[in-house]
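Going by the order they are written in, the chains are A, B, C, D and E; count residues from 1 in each one.
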Amino acid sequence: MLALVLRRLWQGAISILGASVIIFVISRLSGDPVVMLVPPDAPPSLIAEIRTQYGLDQPLVWQYLLFIGHALTGDFGNSYRWQMPALKLILDRLPATIQLAACGLLFSVALAVPIGVLSAVHRGGWIDRIGRIFAMLGQAMPAFWVGLLLILVFAVQLNWLPAFGHGTPAHVVLPAIALGWYPVAAQTRIVRSAMLDVLDSDHIRLSRALGTPERLIVWKYALRNAAVPLLTMLGVYFAAMLGGAFVVETIFAWPGVGRTVVEAVFSRDFPVVQAGVLFTSILFVLSNLLVDLSYGLVDPRIRDVR
Amino acid sequence: MKPWITGLAAASLAALPLAQGLAQSGTLTVGLGAEATIMDPTRSSAGVDSYFFGQMFEQLLRTDPDLKQINWLAESWNLADEGGKPVITVKIRPGVTFHNGDPVTSADFQYGMQRQQDPKLSRFSHLLNAVEAFEVIDDLTFRLRFKEGDGSFITSNLHLWAMPKRHIEKVGEEEYQRAPVGTGPWKFVSRTVKEELRLEAYEGYWNKQNRPTVKNLVIKIIPEDLTRVAAYKTGAIDWIDAVPPAATAEFAKLENTSTYTAVTGNNLFLNFNTHQPNSPFNDVRVRRAAAHAIDMDAIIKRVLFDQGERYAEIGRGTPGYDPDLKPYPYDPRRARALLAEAGHPRGFEVPCYNLTTPREPNIKEMGEAAYAYLSAIGIRCQIRQLEYGAWINLGRRDAPPEMDGIVSWMWSHGLPGDPGTPWLGHLHSYQAGKGLGSYSYTDNAEMDALLRQQQTTMDPVKREALLKQIARIKHDQVLGGLTTYRPMVTIAWRTSKVAFKPWPSPGFWRNFQEIGLK
Amino acid sequence: MLSLQNVTKHYQTRRGTVRAVEGVSFDVRPKSTLALVGESGCGKTTIAKMILQLERPTAGAIAFEGADTATMNAAQLKAYRRQVMAVFQDPYASLNPRLRVGTIIAEPLLAHENPGRAATEKRVAEVLDIVGLPATAARLYPHEFSGGQRQRIAIARALALRPRLMVLDEPVSALDVSIRAQVLNLLADIQLEFGLTYLIIAHDLALVEHFSNDVAVIYLGRVAEAGPTEQVFAQPRHPYTQALLAAVPQPDPDHVLNEAAAAGEIASALDPPSGCRFHPRCPLAIDICRTTTPEPRGTPHQAACHLVEA
Amino acid sequence: MSASTLPARRIPWAALRRLPWLPLLVLGAVGIAAIGGEAISPHDPNGLDLSASFKPPAWQDGGSWDYPLGADNLGRDILSRIMAGCGVSVIVAFYAILFSGSIGALAGMIAGYFGGRVDAVLMRLIEIQQSVPSIALALILAAAMEPGLSTVVIVIVLTYWAWYARIIRGEIMALKGRDYIAFARTAGVSTPVIFRRHLLPNIFNTLVVLGTLQVGQVILFEASLSFLGLGIQQPDISWGLMLSDARQYITNAWWGITMPGIAIMLTCLSANIFGDWLRDRLDPQMRQL
Amino acid sequence: MVLEVHNLHTHLHLKRGILRAVDGISLTVGEGETLGLVGESGSGKTLTGLSLLRLLPKGSGRIAEGSIKLDGQELTTLSDSAMARDIRGRRIAMIMQDPMTSLNPVFSIGDQVSNPLRNHNIAQGATLRSKVISVLTQVRIPSAEKRLGDYPHQFSGGQRQRIVAAMAIGCTPRLLVADEPTTALDVTIQVQIIALLRQIQADTGTGIILITHDLGVAASLCHRIAVMYAGRIVETGPVRRIYKSPAHPYTQALLAAIPRLGDKRARLQAIPGQPPSLIDPPQGCRFAPRCPARMDKCAEPPPTVTLADGHEAACWKLA
């Protein structure tokens, strides 16, 4: 178990390092941040001074090494724009993003599991078709469009839920739907196909042959098997939620990392971009590790292999 | 000492309407679209910063709701000439205190200037280059000595901010950045980045007449237009900033809602490349053709929903404004004729760079429409869209890429704004390493001379005349770009709940100098 | 013809080292049939894979006509592959469902020589005829054939290059009883006609007795007993072989099964028992069996058992 | 020998019978609009007419059949723009799918077939790719390059190759164990031939299904980028751009945001339903994708 | 008789047409008796077993005709819920071929063995636990009490098949349908399971239907044998009669086609051709196309001829 954790952490560290190189290099290609920080009439000496201040006059490789060296000590540099430690800026925003992503994922799973199960049980029937089309709708509408429609209907027209903000459970409902609908179709497919496989398996046949009520077969004995493939993908979906948060956070004025990074990209605020993206990468790696560790809970076979 | 101007306190505080003498109580929640990154005027790098620090910090002078300059923390001041060099003497208003209770003294202004001159802290240190010395005369009197004239110093409200020297030295820079202390009507309470800023009315505020009557102010950050509008409609906020242009008509009709619309400090124009030898825009006829080609009034009406004010070179209320200078009328036939006259009967193709930032509403659509008008008379635009960072990069003269066609550009120096400094950047010929013409595609010696002259002219009357002269030439020759419009902003609040009087300070309308609950 | 000397194969897995094959030696005589028998997981398929050069032995040597396959260069290896062909167990998995039968059969042909379209078709028709299928079969796809027919196609494919050695990995165990005999008879006919050498892997003892000249009984990666088939079946020496033979149900209601011959379960190759690997299940085990690995005794009928006289 | 009795071949007419006609109709219409381009669209999709701005759809008061689906804020015909958007969507989807599919498939095939260190390196690359949120990568890339059609394609390729690679790698690893590949190896068939003859045809169906499913994802991804201002740029037209531009007029002119939204929804839904249908047809084992 | 099946027809409705998988078979199983249903793949033996439990493939499979009586009670007309509640697992239980797949990998064996007991209200709470332990002990799972929380993958193939058997016999069913229970096992393990089935029958007196293609297994376990070919029973009779004096040409050919230990012959006697399609089966005797003793009359359905001692065969040659 410990060995698994260590190995995954090691692999994760390599991935994060790789991600850091990519982010670092590409973001430097996006242009000079200093000109965005100074007024148009700033003298070149001032520009040069600021460049030196932020180390932007150093060779790229050296800048990267410095960045990594500092990052290891928890110093991601000061945001050019916010003039506060980028790390603090990101870490303060992180809980809100995790909360949103988790709620989005929860919403999608809460929708995908019943639809997937019912579709599999009623394969080819109208429940199957309607359920899958409903699930696919999420995959057919841009999240920001869904978000705007949700605000128009549930906030402005019906005034049931707040249009923006953060704090109470009611605040997270609309953003979580806008964020979580997209992967429902894919998750439904996973659950449905896993259920079809399981329902067609010998042990379910045996359960039937031994008189287990259909309700128990579907919702207990088959579902736990079918949950394994979905669970293995949850890390990837969580990452997708983090990515989706970039758009949804803006719509719902959600004080998260996504919005912060988007704005930082536009203002070439490299330290914030780097810290923001790296922390989403770390979240991805950690969530995958968590998933890896947790499907031993559902699938005992995996528990022993490790 | 030869006094040039004394007092300038034409608009005295007594002339201001009396604020309600109500006690400060209750909480008001307002919604802003943009968010400041910094709470310290010294460190500010973007205009939006002032939406936030403008509530907590004050200058010696400021503009009143009629965009007139009035004395504020300065009780009086004068500009004199001493041995050919300008000197400004300021008397600070007695009884002004910082939020921590410390009285404001000359030392605080001296400290404020030192901070502004420190390039590590301030991105505007060069704006104080003309200042030679800061002399403290007594606690409430100080004197600024200049190396040479600085034409924009006075229009920039004497540049200085009251910064609490003792406090900052005590708590340290980091803590001060977290919890700023100023003299303004609002005291810092807490701030959550990307979410909200909480302020509290400062009980010891010196200005008993123009002050908020609500106790707590919560500024929510809601960048997405529709969401901000939804927040207002659902009652989550009672005051909304930057009503989307398309929604202004709807807001004007909303029950129980007051709106206020005013120009912002931004000045938009289309700039042409007139410094490359093969540019068709080197011919003034082509530039004039472009000026006649665009139906700016239609664009303002249709694309901007009337949230724009057409202007010629200098906007109303800004130093140098000339009511006799009129924008070129829309006349496509004349435009085509001019183009043919200039040797382009079939027109020509040109790259047209369009800014797509959300910072200015509908700027992208405005550009597309304007370029479509240009294409219609033969200046065939190949539109290239640029987001803000790429756009700034393109505009700079000192690094590639070169702007080789038309670009939508702008300058903004607050309200009422002064064109002097921006023109040095946009109209003066480019001189590498001197900060002149950094964003200019114009090369005109006559202009250069006039611009340098206004730069060092501090006497407002003389300066006004110079600015008008420049504007006339600029307009006639269509130099340094074709001025288009000044965007307007609409603010709305719930009439039944909010008493609000718009104050532009220090350059934008998002100021809660006088706000209260009904 | 084919000689295995102390061939060993270990796999490194996350759970430890799997000792799939441990010091296996045997010789396959030309134009004869050697059968590898054993229960699932005993390593017989791994041995086949090593012979087919799909896996490399961890230790030991596989020699073909005296030449060590491990030291062969690319050309020699190609020549070796040309002479050694395989027929696998599942005729549904061993034919690419997307290719026509003609292409499938021509595959080894085209890999080694380029006889041209007409010559290829002719050769395909020839081998199809040998396995009892009409030439028109070349134009069809595998799914259009029954299991027995598919196995004939697989045999035709293996035969296309006229190899000298054929590795038959459970060639009939996926087939129905009535089809099995057809295929076995076909294999016997072909062997005779082309002078082929067979290495057959099987778990069905009756089939092995019927089909092979020599037999090697494998238990947990080691050869328990080996020798001429007749001798091994008539007088099994190793307790494992004895247990195996006693456990085979016979199509005879009067036959009595010996349930006690091999109690317990086969151990894991991850953690094989010390000494003789069969000792935990062996009714005759003595102390030395737990500690010392028995060497094979006797020739040509050998058994690796401490209780067997040399 | 009676082994010579062979079954007659059947033509799978049944497969055609249950074609998803409605989705195919939508996709066909998109295709026709894409090929026809401006030749068949009623207006110049970029033709500005401020006097027609916010003209409602024909069936509403004030609408006219000159602008069947209404006009946008700049008086451009929404129908023509949606039709022009078909072309861009098709081009973006085509290149994005072609490149991400071929890069991903190649990487997945190599990693899956050779395993070992090559595989380990590829798996790390995939994880690196996955650990950077694609929108973030897209943002930074789009900021680094000029936003526009080719940037959108590059970003999608960079995002999706890993998706293909992961799935194809899994398929190849399963395929590799098949006996017919084992036979080909033992018979001395060269590796390139094994790839061409046995591996590629077997993953072809998977690629077709993945490609179909990606159509919708490409369109949505582009829309997200447009929302952030970094998608397709004028004068190119995409549905995402239309949607993003029209969102501030949502209460003024509902058709501006509804029409391209419906176009996106119908197209994505059709592509996904068609992809699902293909998957059920071609490769029942892949239902879970 | 525990089970009486009369003229059972089970059809699979496929896209290609109706597959007559079971085409009019009749059989009986007595108390404590083991009937071997022997045949090649596709002969209909497995679907016969599933028909008894009414567990045919959803949508396509249905019992078209015939009667199935368990202790005199007609099953074909019973409601689905009654089948699940009173018959399946309670009075007819099943063991399937592959012990590696017939246990649910994500539930402990304690849970799985207690499942039928719980569903049929045989035992609850502490009784349930002790009952589970006793059943597991009965099938010779060593230290069963400690292993209740273990999962299937922690058991070997033979042990898993024992656990499946424990699930089947927990409710002391009247009839046990064992579908190829040893096929997936190695010979040394197979023999243990054969012994286990014998012991179970001795302990509980249950009737067993052993479905197998392995004539050796059938010979060692069954009292009576029914040989199926292409959806029909071609011969049925006491085990000794079937093996010693098979009457039907198919039975004879089958016995001649398998190699036997200690009986080395030069060639096996192969049966030419392949079984017919059950969508469009030949008229008359279905074995006729492959039969060495084929006559013209074989084009008509053969009569069932009683030979002796309950030994029957359907063949014109015997008529």
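The rule we apply is simple: a residue touches a chain if its C-beta (ideal position, glycine included) is under 8 Å from a C-beta of that chain, and two chains touch if they have at least 3 such contacts.
Since we're looking at a predicted model, the values are computed, not measured.
Undergrad: Looking at A-B and B-D, which pair shares more C-beta contacts?
TA: Answer to which pair has more contacts is A-B.
Undergrad: Just by CA atoms, which chain is the most central one?
TA: A
Undergrad: So how far apart, in whole Å, are chain B and chain E when each is placed at the average of its C-alpha atoms?
TA: It comes to 90 Å between the two C-alpha centres.
Undergrad: Could you please state the distance in Å, as a whole number, between where the Cα atoms of chain A are centred and where those of chain B are centred?
TA: 39
Undergrad: Compute the distance, rounded to whole Å, between the mean C-alpha positions of chain B and chain D.
TA: From the centre of chain B to the centre of chain D is 46 Å.
Undergrad: So the centre of each chain is just the mean of its C-alpha atoms; given that, what is the distance between chain A and chain E in Å?
TA: 52
Undergrad: Residues of chain E touching 2+ other chains?
TA: 272, 274, 290
Undergrad: Which residues belonging to chain B are in contact with no fewer than two other chains?
TA: Residues 226, 387, 389-390 of chain B touch two or more partner chains.
Undergrad: For chain A, which residues are shared contacts with two or more other chains?
TA: Answer for chain A, listing residues that touch two or more other chains: 30-31, 148, 152, 250, 266, 268.
Undergrad: Across the complex, what residues on chain A touch chain D?
TA: It is residues 11-12, 14-16, 18-19, 22-23, 26-27, 29-31, 132-133, 136-137, 139-145, 148, 152, 182, 185-186, 189-190, 192-194, 196, 229, 236, 239, 242-244, 246-247, 250, 258, 261-262, 265-266, 268, 273, 276-277, 280-281, 284-285 of chain A that touch chain D.
Undergrad: So in the complex, the part of chain C that touches chain E is made up of which residues?
TA: Spelled out, the residues of chain C in touch with chain E are 39-40, 146, 148, 176-182, 184-185, 188, 203-207, 209-211, 230, 233, 243-245, 247-255, 257-259, 261-263, 265-266, 281.
Undergrad: Considering only the defined contacts, which chain B positions touch chain A in the complex?
TA: 37-38, 43, 45-46, 119-120, 123-126, 177, 192-195, 220-224, 226-228, 230-231, 233-234, 236, 387-390, 392-393, 395-396, 398-399, 411, 421-422, 424-426, 432-435, 438-439
Undergrad: Residue numbers of chain D touching chain B in their complex, please.
TA: 46, 48, 50, 53, 73-75, 143, 146-148, 229-230, 233-235, 245, 247-252
Undergrad: Give every residue of chain D touching chain C within the complex, in rising order.
TA: Against chain C, chain D makes touches at 1, 3-4, 6-7, 9, 178-180, 182-190, 193, 197-198, 201-202.
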